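Structure, as C-alpha cells:
Chain naming follows the written order as A, B, C, D, E and F, and within any one chain the residues start at number 1.
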Amino acid sequence: MRNSRQWPERGVSRIPFWVYSDPEIYAREQERIFQGASWNYVALEAEIPHPGDYKRTYIGDKSVVVIRAGDGGVTVVENRCAHRGLQFCQLHLGHADEIMCPYHQWTYDLTGALIGVPFRRGVKQQGGMPADFSLAEHGLRRLKVARRNGVVFASFSDAVESFEEYLTPPILELFDRVFDGRGLKVLGYSRQLTPGNWKLMFENIKDPYHASILHVFLVSFGLNRVDQPNRVVIDRLGRHASTMTSRGEQKRTEDNADIRSLIEDLTLAGPAMLDPVREFPQYTVCMTTVWPNLIIQQQSNTLATRQIITKGPGSFELAWTFFGYDDDDEAMTQRRLRQANLMGPSGYVSIDDSEVMALAQQGIAHASEASAVVELDGPGWREEQAHGVTESEIRAFYDYYRTVMDL
Amino acid sequence: MRNSRQWPERGVSRIPFWVYSDPEIYAREQERIFQGASWNYVALEAEIPHPGDYKRTYIGDKSVVVIRAGDGGVTVVENRCAHRGLQFCQLHLGHADEIMCPYHQWTYDLTGALIGVPFRRGVKQQGGMPADFSLAEHGLRRLKVARRNGVVFASFSDAVESFEEYLTPPILELFDRVFDGRGLKVLGYSRQLTPGNWKLMFENIKDPYHASILHVFLVSFGLNRVDQPNRVVIDRLGRHASTMTSRGEQKRTEDNADIRSLIEDLTLAGPAMLDPVREFPQYTVCMTTVWPNLIIQQQSNTLATRQIITKGPGSFELAWTFFGYDDDDEAMTQRRLRQANLMGPSGYVSIDDSEVMALAQQGIAHASEASAVVELDGPGWREEQAHGVTESEIRAFYDYYRTVMDL
Amino acid sequence: MRNSRQWPERGVSRIPFWVYSDPEIYAREQERIFQGASWNYVALEAEIPHPGDYKRTYIGDKSVVVIRAGDGGVTVVENRCAHRGLQFCQLHLGHADEIMCPYHQWTYDLTGALIGVPFRRGVKQQGGMPADFSLAEHGLRRLKVARRNGVVFASFSDAVESFEEYLTPPILELFDRVFDGRGLKVLGYSRQLTPGNWKLMFENIKDPYHASILHVFLVSFGLNRVDQPNRVVIDRLGRHASTMTSRGEQKRTEDNADIRSLIEDLTLAGPAMLDPVREFPQYTVCMTTVWPNLIIQQQSNTLATRQIITKGPGSFELAWTFFGYDDDDEAMTQRRLRQANLMGPSGYVSIDDSEVMALAQQGIAHASEASAVVELDGPGWREEQAHGVTESEIRAFYDYYRTVMDL
Amino acid sequence: MRGAETFRALPPRELRLELEALYADYTGCLDEERFEDWPAFFTEPCLYKIVPRDNFERGLPLATWLCESQGYLLDRVTGIRKTSVYAPRRIRRIVSGIRIIGWNGDALETRASFAAFETLIDELTRVFIVGEHRDRIVAADGVLKFREKVIVFDSLLVPNSLIYPL
Amino acid sequence: MRGAETFRALPPRELRLELEALYADYTGCLDEERFEDWPAFFTEPCLYKIVPRDNFERGLPLATWLCESQGYLLDRVTGIRKTSVYAPRRIRRIVSGIRIIGWNGDALETRASFAAFETLIDELTRVFIVGEHRDRIVAADGVLKFREKVIVFDSLLVPNSLIYPL
Amino acid sequence: MRGAETFRALPPRELRLELEALYADYTGCLDEERFEDWPAFFTEPCLYKIVPRDNFERGLPLATWLCESQGYLLDRVTGIRKTSVYAPRRIRRIVSGIRIIGWNGDALETRASFAAFETLIDELTRVFIVGEHRDRIVAADGVLKFREKVIVFDSLLVPNSLIYPL
C-alpha cells in the first residue's frame, strides 16, 4: 500500500477518502474483514428448508454455497471445486442430493466432503489417482457456521467467537426483536449494483442525521425524523449498531424548522400503500447493522435483510431478502408487500440513499488528498444515545475498522 | 513508477510509449500538471451570464463547478461537499441562489463559503456540531480564477503566475485575435470520448505536418496545406503554441506533389456548407493550444474551444463549445453552423483526427519498449517558424512536459 | 510481483491460482513467453495466396500483420508505424501493394522496409527530416518467420531454434499428419471471447480426463472416451503435446461405468450432421497443442487451427480457422462443415469447454491462496502414454512454464 | 375505435395495429418524460408491477415496483417530480415482438419484449434492463387502456436505481 | 390465412401484418425458452444458419450454427435440454425493420434487423450480438413457416458461447 | 400508394403500415451500408440533422451533423466513401415505437425511438447511441419521403466518431 497512507490526525472524526478507492486497501479488507474473524450473513434458513436445498451467495469477493445438510444442519462451503477450482454452483437457489462439479464430476456430500473421483483407480489398470491420494484431504473449503432464530452466518475464521458474544447483549436483544424465533416466510428478492464503496452503505444506515433531511418522503410523513423519539445503540467495539425511531406527525415544529425537505401538505393518492399497523414494541423503525455485511431492516411492517456484497473498491451489491412470518395473515402480507414500495431499487426512501452513495463515490474517487468530516455530536461516541443528531455510529464503525485494518 | 522508466537518449525527438499507458505516469500528471501550477480552461463567461448561473466541468479527473457570483465575479470550486464528499452538482448548466448538498443539506453561498449546517446546534439540546466547529474552516475547495475577454481559467495552485504572464505575449496576442473583447454567443456543445491518451490530442493539433497529408478534405479544398503560407508560434517554455495557415487553391503543384490525398476534382454538391468569408487578419486558420487542456479553434468561420478532459491513461474526452459573437448577423451564424460540419464527432476534418488517435493508442498501448520518432525539422525547436513541415511544437511540448513531470 | 508469489511445495501437481489472475504474472508472460523464444502461430498460407495479401492477427497482446511478399515469401511485422506508433492495419484480411500509414503516409514495402516519408526534404527548402535521417533505420518491427506445409509461425526472438527442432520429432510427425503438404482450403472463421485465463484453454485440451466425463455428446456417441484406445505424446520439454483417441461404440461397459454422462439411448434426429468417414490413420481424433498459442484440431473430419489470443489475465480470445484440403470433393467439404457443429461458440462439444473455463476463472479469480490439484496419473509425466486417465500433459506444461517464467 | 364491442370484434390484423399504436404512444410518453400523462394509460383500478424474473418464476410475490390504483401511479409521479432525490438520467425504451395471447373476458392478453437504455450525465449510454411486458388491455372511453401491466425483467440485479416507469 | 395462394395474393399491407405476427411469435417463443416449439416455425427440409458477417461477406461457407432439417433443429433442442453443460443464461431478442424483399417462387424473401441481450447470473444485462435475419417464408398447413433463416451477426467475436437459437 | 391526396386520405391504420415500411426500408438501407441509396429517402430541399439532446432542449442551434439539401447528403456519402479516414465499423439500427403526431400542412409529423449498436474490428458489439427520430414526411413521386429528419440522441457524449448516418 502506498506509504502515503496516513490516517488524518483528528482520528475518526475524519475519514480519508483513499479508504474508498485504493485497491490495496480493498484487498486488505477482503483478507482481514470478510475472510477474517467476522460473522457474515449468508442466508435465512427459510430459503433452504429441506435437506439438499442450497443457496448461492457471497462473502466479500468469495462466492459461497449454503446447504441444508441431511441432518437438518447447515453447511457453508466456498463455491470452488477442490480439484481445479471450478465455481460449481451457478443457481441462486436449488436442490441436489450431492454436489457434483461439472468438469470432471468430482462429487461431494452435503457437508462438502469429497466422496467420488471418477477413474480414481484408472481404467484397465492404467492411470488414476496416486495410491496416497486421500479423499479426506480434498473436500470443499468449509466455513464455520452460526445460526440464530432462522438466520445463518458464516466465518472463514475458526478464531471467531460465538455469534452471541460477537453481537453483544444490547445488539442481540435488537436482533431478537425481529428474529424472535417464529418461522420466517420469504416474500422475494431485490438486488442493486451501486457504484460506491461498500462502507458508504454502512455510513448511510449508521447516519440517523441524514434520514431527517434527505428523505422528503420519510420526514414529510413523519416516518423518521430527528425531532421524534430516537434511540441509538452501539456495541462496545463499535462495529455493530442499531437506530430506532417512532413515527411522528406530519407537522412543522420549531424542532424540525431546519428540515427544508418537510412538505406539510404532501399526501398519498394511494394511501393503502402506506398504512402500517403497530407490530413491534415502542419504536416503529429499527435498523440494525451487523459487521461486516448485514443490515436488518424493520421499517413499519416491511422487513428485510440487506446483505452487502463488495464488488471492487468502487461498487457494491445490495441483496435484499424481504420476509414476513409464517403466522402472518393475508392482510399483513399485503401490507408488507405494499410498504416494500419504500425500499429497494425503486424505493421511495432507498432511491435517495442509492443515489447519494453514487454521488459520494464520484466526489471522493479522485480526492485521496481529502477527508470526510464526521464531527456531528463528536468527537467521541457512546454505546447508548437518546437522539439521532449524531454521526457517532460512523465514528464507532471506523474505530473498529482501523483496529482490524491496522490503519 | 517502474524504475524501468528512463526517457530515451535522443531526448524529445523520441517519445517513449509508456507515457501514454502507464497508470503511475497518469497519476503523476494529475498531481503535477492538472492540479499543479497551470491555468485550466473551464468556461466561457457567456455560459453563466447571471448571478447564480453555474456550469459543471472537469480539470483532469476532478469535477469542478464554475459559478457566477453575486458581484458578477466568477467562483470555481471543486464539485465535492466539504462534509462527506458528495459530488453535489449533477447538471451541465444550471442556476441556483445557493449551493445545497442533497445528502445533509449543508449549504454554501456562491463563493463556496459554508453558510448552513442543519441541526448545527442539535435538537432539544441534544447532538449537533461541537462548539469549536467553525463554518469558515469548512467551505468548498476554491480554485484560483483568471478571466480574459470572456474566457474563464482556473488553477488548483496559488503559486501559478498571472494568466497573461503564463500565456506570454506572442500567444496572448493570438488568444486576443479570437477573444477580442466582443461578447460571445454560445452556439452549442459537442462531446466525444476518444480511446486515446490525452497527449495524443495535443500532438495532433501541434502537428501541421499531418494536416496536409491526412485530411483529404482540407488539402483538396486547399483549406490547409503545407505548400500554403504557414506560421508556427511557440512560447518560450514550449507549453503553448499556435499554427496558422491561409487557404490556397485546389491545385496540384510541384510543392504538394507528395500529398497523395489531394483530389483535384473533388467538389461539393452542397457548396453552401463551405462558403467562408474572410473574418480574421492574414490567416484563415489559427489553432492555438494552451497548456494543459485547451485548444482554440478558428477554422475559417467556425469557432470553438476544445477542452481536453482526461479519462484514465487510455482515453480522453474532447468537449467542444462552438461560439460566435454577439454582433454576428443571421448569415454569419448560419455560416458558423454550416462550417461546424467540419468539426466534432462527425466533422469532415476531425473524424480523421479522432480515428487516428484511436489507432495510435492501439499501436502504442502494448509497446512500452518502443518510442515515437519526432525528428521532422528537428532535433530542436524555435519560437517562431514560417512553415508547417515540422514536428517542433511536439518537441517543445515534451521539453516542458519532462520538466514538470521530472522525467 | 508480490513477494508472496511462492510456487506450492508439491511442484507441478499443484497450480497456484495466482498464475491465472495476477497482472504482473501476465505482464511477465507477455515478455518471456509470447515475445520470448517461442514460435507463435499466425496464419495459414492459404489465407494470403497472392503477393500483397495480408492478414491482421495477434501474438499475445501485440497486433501483427502477416504479408505475402513479392517473392512469395512471408513477412510478419508488428502492426505499429515506425513514426508515431499508429496501428496502421485495421482489416482481418486484405490486399495492398505497399503499406501506408494513414496518419502521415509513411510508406513501407511488403517486407516492412520504410520506402517513403512525405516532405522528407521539406517544402520550398524549409523543414523536412534531418539530413542524417536514414530510412533503413526506421522500418517496421519485423519478426522471424517459419513456415511448414502451409502454416506460418512467427517469433519476436532471434534466439529461437528452427521450427522443426522446436517442435521435436514426435510432435512434428503429428503436425505433418494433418499438414501433410497438400494445399489447404479455408472454410471460414469463428471467434469467441472466453472470460478465463489463456492457460485454462491449454489445460482443457491437455486433459483427456475431462473429455470422457464432461462431454455427454462425445461419450455417448463414443467419439472420445477413456475406455477407448488413447495415446498421449509430449515433447521432451513438456511444452507441446498431442492426444489421440479412436471412436468407440455407444455402449455402457464396466470400463466406462464411472461415466455418469453416458446416455446409451441418445440418438441424432439429424444423423447427417455426424457421419464421419475415416480420413487419417489409426486415430479418429488428434488434438495437438503447440506452445504457446496453437491448438491443431482434427476431430473426425472437422479440421481447424485454434489460435489463443490473450486479453488480460482474465480472458482470452479463441480464433478458429476451419479448413479442408484443395483436393476435397464436395461431399467431404459438406462433411467438414456439418461436423463443424461440434466446434466453436455453438459447438456441441466446445460449448462445454468454453463454459467450464469461464466457471474455472470465476472460482479461482478470488482464491490466490489456493491451488489446483493435478495428481491424476501423477506426480510425474512421461513423453509417451497409452491411456487418457492422466493429467500429465498439464504437469508437463507447467514444468516448462515454471522454467520460462522463473517461478 | 369505439367501445368494448368494437374492440372485441376487431379482426386480428386490425387489432395488431391498434396495439402497435398503443405501445408506441405508451413508450413515447415515457421516453419524452411526460410522466403526468402516464396514469391515463391505465384503468382504475389497475395493476402495474415491475418484477425481477427470479421472483416471477419462483412465484414470490415481491415486486420492485407495485401500483394497485391510479392513486399509486400518481404517487409515483409525485415521487419523481417532488420527493425523490436522484441524479438526472434519460431512459430510452425499445419495444418489439408484440404478441396477442388471447382474450380473457373483455380483456386482451398481450406480451411484448423490451430493452431499456440509460444515459447518465457525462456517461455513454448503457443497457439498463431488458424483459417482457405481460399485459391485459381493455377498451375504455373509446381508447385502449392497460388494466394490468406486469413488467418482468431478466436481470435480478438493477443498475443502482429504477426511478422512471417502464 | 389459408394456403399458398392466399399468401401469394395478400396485398403488401396485409402481408406486413402477417410477418410482424410471425416474427413476434418466433422471438416470443425463444425469449420464453419454449425451445420445443421452435422447430415448428420451420418447414421440412429447412435451412437454419447463424453466420458471422465476415464469413458471409467473404463467401466462406462455415457457419457458427448449421441446421439442414427438422432433425438438426431437434438435436439442438436436445443439446440445450440434455447434453450441453453451460451456466444459466437469459437471452432477450429485439427485432425491428422487417423488410419485404420480394417473391422467389412460392417463397417470400424478407429481412429484419435484431439485437440480442444476454443476462448471466449475478451480472447486469449486456449486449450479446446484433445482426440481420435473412429469411425465406412460405405458407404451409395454413400458417407461415421459415423455409430458410440465415442469421448474419455483425461481430465476428462471440461473447463466449452461443447456446440458444436466435 | 399514389400522390399527396391519397396519402392525406389514408386511414390511420393504413398510414401506420406505410410508415413501418418506410422506416424499415430506411434503416435497412443504412444497416446494409447502401449509402448511395440514402439521399433518395429525402425530398429536395430537405433538412437532416443529428443533434445531442442537450443542445436540442436548450434551444442551441448547433448540430453534430447538418444537411440542408440533397447536395449535403451526397457530400456525406462522398466523405464516407472517399475523403474520410476511419477504422472499419458496423452500425446496426433498431427502431421502435413509431408515433403519428399529426398533420402539418401536407407533411405528416412522426416520431420514433431508436437504438444504434456499433461493432469495431476485434471487439464485441456495444451500444453506440440511442434517441429519437423527429420527422416530417410527405408523399412525392408516389412514395413517402422525409422532408425533415431531426435525430435527437440522449447522450451528449459520442463514442469517438459518428461517421455513418442514422
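By our rule, a residue touches a chain if its C-beta (ideal position, glycine included) is under 8 Å from a C-beta of that chain, and two chains touch if they have at least 3 such contacts.
Keep in mind it's a predicted model, so treat the numbers as computed, not measured.
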Open item on the list: If you apply the touch rule, which chains end up adjacent to both subunit C and subunit F?
Closed with: B, E
Task: Chain pair equivalent in interface to A-D, over half of contacts matched, among A-E, C-E or C-F - done: C-E
Task: Selected interface, C-E versus A-E, where C-beta contact pairs are more numerous - done: C-E
Task: Interface composition of copies subunit A and subunit B: same or different, split at half - done: different
Open item on the list: Between subunit C and subunit D, what distance separates the C-alpha centroids? Give it in angstrom.
Closed with: 49
TODO: Compute the distance, rounded to whole Å, between the mean C-alpha positions of subunit E and subunit F.
DONE: 27
Open item on the list: Taking the mean of the CA coordinates per chain, how far is subunit B from subunit F in Å?
Closed with: 32
TODO: Give the residues of subunit C that touch two or more other chains, as numbers and ranges in rising order.
DONE: 90, 92, 102, 193, 214, 317, 352, 356, 359
TODO: Spell out, as numbers or ranges, the residues of subunit E touching 2 or more other chains.
DONE: 17, 20, 85, 87, 94, 96, 115, 122, 124, 127, 156-157, 159
Task: Chain pairs in mutual contact under the definition given at the outset - done: A-B, A-C, A-D, A-E, B-C, B-D, B-F, C-E, C-F, D-E, D-F, E-F
- [ ] Within their complex, state which residues of subunit A touch subunit B.
- [x] 15, 17, 203, 209-210, 212-214, 226-227, 255-256, 258-261, 352, 356, 359-360, 362-364, 366-367, 370, 372-379, 386-390
Task: Parts of subunit F lying in touch with subunit E, wherever the complex brings them together - done: 14, 17-18, 20-21, 23-25, 27-28, 31-32, 90, 92-96, 115, 117, 119, 122-127
Task: Footprint of subunit E on subunit D - complex, ascending - done: 12-13, 16-17, 20, 53, 94, 96-100, 111-115, 127, 129-132, 154-157, 159
Open item on the list: Which stretch or stretches of subunit E touch subunit A in the complex?
Closed with: 85, 87-88, 121-122, 124
Open item on the list: Please output the residues of subunit C touching subunit F within their complex, sorted ascending.
Closed with: 56, 90-92, 102, 193, 317
